[in-house]
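Here the structure is laid out as C-alpha cells; the discussion comes afterwards.
All chains are identified by letter, namely A, B, C and D, in their written order; residue positions are counted from 1 within each chain.
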Amino acid sequence: MVGNLLGQRLVMISFGESHGKVVGVVIDGVPAGLPLSEGDIQKIVDLRRPASEISTSRREADKVEILSGVYKGRTTGAPLAMMVRNVDVDSRPYELIEKGWARPGHADYTAYMKYGGYNDPRGGGRFSARITVGFVMAGALALKLLSHTLNVEVIGYVREIADIKTPELSIEELRKRYENDVRCPHPETARRMKEAILKAKEEGDSVGGVVECIALNVPVGLGEPVFSSLDSDLARALFSIPAVKGVEFGAGFLSAKLRGSENNDPMAIKNGEIVTLTNRAGGILGGISNGMPIVVRVAFKPPSSIAKPQKTVNFKEMKEGKIVVPGRHDPCVVHRAVPIVESLVAFILADHALRAGFIPPVLE
Amino acid sequence: MVGNLLGQRLVMISFGESHGKVVGVVIDGVPAGLPLSEGDIQKIVDLRRPASEISTSRREADKVEILSGVYKGRTTGAPLAMMVRNVDVDSRPYELIEKGWARPGHADYTAYMKYGGYNDPRGGGRFSARITVGFVMAGALALKLLSHTLNVEVIGYVREIADIKTPELSIEELRKRYENDVRCPHPETARRMKEAILKAKEEGDSVGGVVECIALNVPVGLGEPVFSSLDSDLARALFSIPAVKGVEFGAGFLSAKLRGSENNDPMAIKNGEIVTLTNRAGGILGGISNGMPIVVRVAFKPPSSIAKPQKTVNFKEMKEGKIVVPGRHDPCVVHRAVPIVESLVAFILADHALRAGFIPPVLE
Amino acid sequence: MVGNLLGQRLVMISFGESHGKVVGVVIDGVPAGLPLSEGDIQKIVDLRRPASEISTSRREADKVEILSGVYKGRTTGAPLAMMVRNVDVDSRPYELIEKGWARPGHADYTAYMKYGGYNDPRGGGRFSARITVGFVMAGALALKLLSHTLNVEVIGYVREIADIKTPELSIEELRKRYENDVRCPHPETARRMKEAILKAKEEGDSVGGVVECIALNVPVGLGEPVFSSLDSDLARALFSIPAVKGVEFGAGFLSAKLRGSENNDPMAIKNGEIVTLTNRAGGILGGISNGMPIVVRVAFKPPSSIAKPQKTVNFKEMKEGKIVVPGRHDPCVVHRAVPIVESLVAFILADHALRAGFIPPVLE
Amino acid sequence: MVGNLLGQRLVMISFGESHGKVVGVVIDGVPAGLPLSEGDIQKIVDLRRPASEISTSRREADKVEILSGVYKGRTTGAPLAMMVRNVDVDSRPYELIEKGWARPGHADYTAYMKYGGYNDPRGGGRFSARITVGFVMAGALALKLLSHTLNVEVIGYVREIADIKTPELSIEELRKRYENDVRCPHPETARRMKEAILKAKEEGDSVGGVVECIALNVPVGLGEPVFSSLDSDLARALFSIPAVKGVEFGAGFLSAKLRGSENNDPMAIKNGEIVTLTNRAGGILGGISNGMPIVVRVAFKPPSSIAKPQKTVNFKEMKEGKIVVPGRHDPCVVHRAVPIVESLVAFILADHALRAGFIPPVLE
C-alpha cells in the first residue's frame, strides 16, 4: 500500500482526505536557495479553486500553510511540508456509501475491497479530486523552480469539452487560459463549452473532455530511458489524477494511422539550434526531451457523480438497486484539471531537470 | 541516469544493447517455489522474434540462458538473471550516426546530447526495440507466476494497423492471436493488414497501429493510489516500449466525448459476484482493479526508419542535409509489440499482486 | 538531497525543524484497520520529552496531532500524517552560527557547505535531535502495529553512561526502564549515572553512552538479503539518530576477538521450537531474524554542545577563534535516546514484517 | 523479497549464487564517458581472490566479463552488467544441509524458513561470501570513477585479527596493505596474525577481526540527512557483507566513554582550508562529510564453518544432533574482506558524490 510517493530526485508524498482535517504534501529533494513564499503557492492553488456555476458548490478557502523547509524566504534544502485545512465539509450524503451502496464509476467498491471497509468514504476520501490540492501545491513549487532556473513555462488549457474543440491557437493566446472559468483560451469556444456543461448539469448529467499541456524551453536531455523515460514518468503522474482515461504525446493515437514519411519530424537548424519542422513527436524522442515543446493530451471522463438514477449494487449486503448520487459535485472537471495537469507536468520536469543536473542542488 | 528499473515489489533491471554482447534482465523479488525452466521463458521470447517478410531481416536465435535464481527447477527467491546473446549483428550502417547524422524520429540526437556522444549508436544501442527481449523474459516469468497463482490470463492482439481495424471478437477468438504473423486474430483483417505493411515496405515507408491488451481474472484490489495506481504503473511501463505515443484504458479518449450517464458502467451481481454490465472503465476504478477485464490500448507510431530520403541535420557538424536510413528494419512494429505489451502488463500485474498480498513470498 | 525517507513497504518521511513551526512525519503503507488514537502516539512521544535536570531546559508540550489516515479510530490505509508544534523556542543563541562560527562536533560547517548557507541554523534546524519527535511518532505507530499483530515487544534501555555499566538484567527488570529519568532499569546504576551526568553538566561538559535494544517474539524470516538484510536496515535507521557513532549486533565487536567455536551459537529444540543456546548472533543470521531476541547496541557520543571554551573557526570569514556554545542543551542524550532507538527498531521491524507478509495489508 | 539493490543515484543489483553458473552485478546510473576496461575490474577482483593457505582451497579464476554498458573503452551511461563464472564447485558437502542439518552461525535455518526450502543451499547459495565478487566488481567501477573525477582514495586494511592489533601507521604505510596475504600493512603484525590464523585452522577453529577503512580527499558535503546520511548508507552497505557484526565511525564505541570536551574535534584553518585537529568524528558531522578522512571500522566474526563438532538441529526432522561442517572454508575472512569493504565504501561514496552533483552525469 505504498503508492503516495511521486518522483525520484524530487519526491512528493501526498496526504489528506476530502473530508478529513487537511490536504497536504511533503516534498523532499527541494534545492536550497529558491525564493518561496506562501503567496507563491497560494497563487497557483487559487487557480484550482471552483469559481463559478460550472463547478461544485463546495467553497474552500484553501489557505496554504507552509509548515517546514523555508527560512528567511528561501527554501533550505529540508523537506517542504505544506497543507490546507478542509472547512466546508458536509459528510451526510456519504452515509449511503457507508451502508454499502456503490456509486457507479467511483471507487467505492474497489476501495472497500482493498482497504477492508476501513477507508474514509466521506467525500470520496483519498479518491476525491480534492487531494489534488496537494499536487498543485507541489506543482507551484516546481513551476517556481523551473521558471527561476531554466525559464521553462508550462501551459495547460481545455482542448475539448463535450466534443467541442478549441481551434489551433498561438502560444500568446494559450497564455490567456485563466481569463475565463472554462480555462479555454478561445472565448467563443469557451462560451459554447460552458453552455454544454450547464446543459448537462441541468439534465442531471456530466461531460468529459481533454486537457492539452505544453511545456516550453525544456532543455534537450530530460528523461531516463528505458523505464523512467520522460513520457513514462509524465504518463504515470497524469494517470494519478482522478478521471483520467488516456494520455498521448504529440500526434499520439493519430500517429498510429500515419506512415513513417508523414509522422517523422524533419530536422533543421534555426538560429544555430537543432529543431524539428513539425512536432508530431511532442518534444520527446527515445524517452528524452528534444528541445521542442513537450505536448501531452489528457482525456478526462465525465464525472461519475450524476443526478440521474443509476443501476448499482450494495456491496455490503450483496444486492442490486438504484442510486441517485447525493452530495455536491462538478458537472465537468476538465476546466478544473488545467492547473492540476500543469502542476504534475511541472513536477516531473523539475524532477528530471534535477536528475539530469540542469538544476543544481543549491541555487545561486 | 537511473532509469532502468521497473516495479516496486517485483523489480526488473534491464541491460544490454542492440549490437552489444547481450540483452538481459535481472529480476528481484521473485517468490520462491515457482516451477521455471529456460523453456518457459524461451516459449514467450520466441513469440517476439521476427518471423516473416513483414519484419526485419535480422535473425537472432535469442536463446535464453538463466544465469541465477533457479535451483532444481524452481525459483529460489534470489535474483533471477537471464540473457540472450546478440549474434546476427551488422553495425556498418550506423557509421552514419557516428558521423553525426540524425535519423528523424529516432533518438540519435537526444541520446547524443544526453550521453555526451558516449552512447553506443550501433543498431540504436539502448534505444533499439531489441532491448525489449529483456522485457519479454521478465514478462514470461510474470505470466508464469500469474497463471500459476491467480489464473490471470493476459491477451494482447493487433487492434489496428494502417487504419485497418480488427472487428470485435470473443475472448476465444482473441486467444488465437499468435496463429498468424500479424498477431491479429481475425484472419481476413490480418491478411489486409499484411498487405498494407508490405505495400508500405515496398514504397520504402512504414505503418503504425494499435495493440489492445486484455487481462482476465485479475482480482479486485490491485493498484496503490494515488501515484502507483494500476493505470499509472501500467502506463509508465507501456510508454517504455519504443514507438509508443499513446495509452488509454477502457473507453479511453472516447470517454471524453461521453456523458456521465453514458460512460458510467452500471453495476450488478452475477453468480454471486459484483460485476459491471459494461466495461468503459477498462477494469480500473480509482486506480484499483474492479474484477472486470483490464483493457488497455497502446498506440504505436510507424517505425522511423524508412527508405525514403528525409530532411535532417548533422548534430556534430551542425549542418543540414538529407538522409536515407540504412540498416535492416521493420516496416511495422505493431505485430511484434504484442508479446512485449503482454509482458509489461503481466509484469505490472504481478508486481501489484505481490504488493497487495495476492501472491505470497513463498509458493506452495 | 532526497534523504528523508525511511522504509520500503512502510515508508516514513520526516519533516520539520528545531525552531520552525512544527516537527512531523508522514507514513505511507500503513495497513488498514489498526485501532489508533492520538493518545497511542502521545504516550510514546511523552517518553521522549525531557523530564528533569539531566536534560535540556527547553519544555515542549509536544502535543500530537493526527492530520490524516485515521477514520473512526482505525487506520484507513491512507498516509498517516502527524505533527507537533514547536512552542518553547529561543533562537537568539544561534546568531553566532549565522555569523559563521562553527560549534565543534556539530553540523554547522557541513550544513553550511551542503546547503549553501540556506539551511535553518536555529536550534540546529534539521540537525537537531528535536526532529526525532517525528521518528518517535512513527515508532509509536510501528509499536502498536507490531504488538497488535505479532506480539513483538521492543525494549531499549541505557546500557552505559560515562563508562558506568548496567549489570545483566532479566527481561522483567528491563521492562522497568521508564521508571526513572535515566532510563536505566537498575536503580543503583541509574543513580550513579545521574551523578555522572550532573557532574559533567556542572563542569560545563557532557557525557556519552550506549543504548541496548532488544526485540522479543520477532518471527523467523524478517530481512531481505543482501542489501536490505535486517541488520543493514536497522543500522541504517539507527545511524540517522544524531550523535550515534557505532552500531553492533549480538556479540558485536567482541565477536571479532572470539574463535568460531566460542562465537557460534549452538542450536537446540525447546518446546518444539528451534532455538540457540546462546545469542551471540543477536537474533540475526545471514541478515534474517532467527527467532531469538534481536539485540542491538548503539553508541552515543557525548553531546557536542558544552559550556567550555573550544577552538573553532568562522567559516564565513575563514578565521580561527574560540567559542562557548550558547543555548539550552542536554549534558547527555543517551537516556533520551531510549524511546528513539526503540522507535526506529520497531519501525524497521514493522517494515520487514509487512514485506515478508507477516502483517497483512488489512488487519482483522 | 526485494533486497538486492544498493544505492540511489548509482544503483547496483547483485545476482548469482556460490555454486550456480555465475556471480554478477548490474549497475544503473553510471556516468557516461568513464574509461573502463575488463582489466580495470579484474585488477580489483583479483585482490579478493584467495591466495594462500590462510584462505579456502577453492580456486576460482574469477575472470571478469563486461556484458553491457561499455563502448569503445568508455562507459555509455547504459547499465553496466558484469559477471564471473563459477568453475571450481564441489557441492557434495552440502547434502547435509539439504537433509536439514543446520550449520551453527550460518543462515541454513533462517534461509530455509524464509524461502520455504527452495533456496539453493550449495556453498551457502546467496549467503556465501562468494557473492561479494559482485560487490567488488561494482566497487572497482566506483573506485575508478572516484579517482578519475575527485581524486578520492579508499584504503582498507586489517586492523585486528584474533585480538592482535595493527599499530598506528601512516597513510603511506597503509597503502602497502596488499603486499602480503594478510592485508595488514605492518609486516611483523601480519606475521603474527598469520600464525594465529594457521593455529586456529590447525585446531579446526576460526578467528575474527576488524577491518578499518579510510577514504581520503572526500569533498565536504556528501550525505543526505536524515535517513540517507553518509554514515547511515555506509553502515547499511557494510552490514551486507557476510559475518559483519559491528560498524563504527571515528572514535566509535570509544566516544561513548569520552566527555564532550575530549570527543569534540577542535577546528582550525590549514592552507586555507577548514580542518579538524583530531578526527574522532571519522570525517562525518551531522551525516555529512566534513572533508577530513572518512574512518570506518567493521567487526567480522570468526567464520562459522569450523571442523570441530558442534551441537545443532535438523530443521526438517526437528531433532537435535551434532555436526562437523564439511566443505572448503576460510579459517578467517578478515583479510579477504579488505577489498570488499573498500568496494562498498567506494560505491556509497560514488553514489553520494553523484547525488550531490560532485560527479556530473557525463564526464569530460
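Here is the rule we use: a residue touches a chain if its C-beta (ideal position, glycine included) is under 8 Å from a C-beta of that chain, and two chains touch if they have at least 3 such contacts.
None of these values were measured; they are calculated from a predicted model.
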Label of the chain whose CA centroid is most distant from the centroid of chain B: C
Selected pair, greater C-beta contact count between A-C and B-C: A-C
Rounded Å distance between chain C and chain D, as computed from the means of their C-alpha atoms: 26
Distance between chain centroids, defined by C-alpha means - chain B, chain C (Å): 46
Centroid distance [mean C-alpha coordinates] between chain C and chain A, Å: 38
Chain C: positions in contact with at least two other chains: 1-5, 8-9, 14, 114, 126, 356, 361
Contact footprint of chain B on chain C as seen in their complex: 9, 356-357, 360-361
Chain B contact footprint on chain A (complex, rising order): 1-6, 8, 14, 102, 104-107, 109-111, 113-114, 126-127, 131, 160, 162-163, 200, 205-210, 220-221, 223-229, 231-233, 235-237, 239-240, 242, 244-253, 255-269, 272, 274, 276-277, 280-282, 285-290, 299-306, 308, 310-313, 315, 318-320, 334, 355-356
Contacting residues of chain C [partner chain A, same complex]: 1-5, 8-11, 13-17, 20-22, 24, 26, 28-33, 67-69, 71, 74-81, 83, 114-116, 118-120, 122, 125-126, 361-363
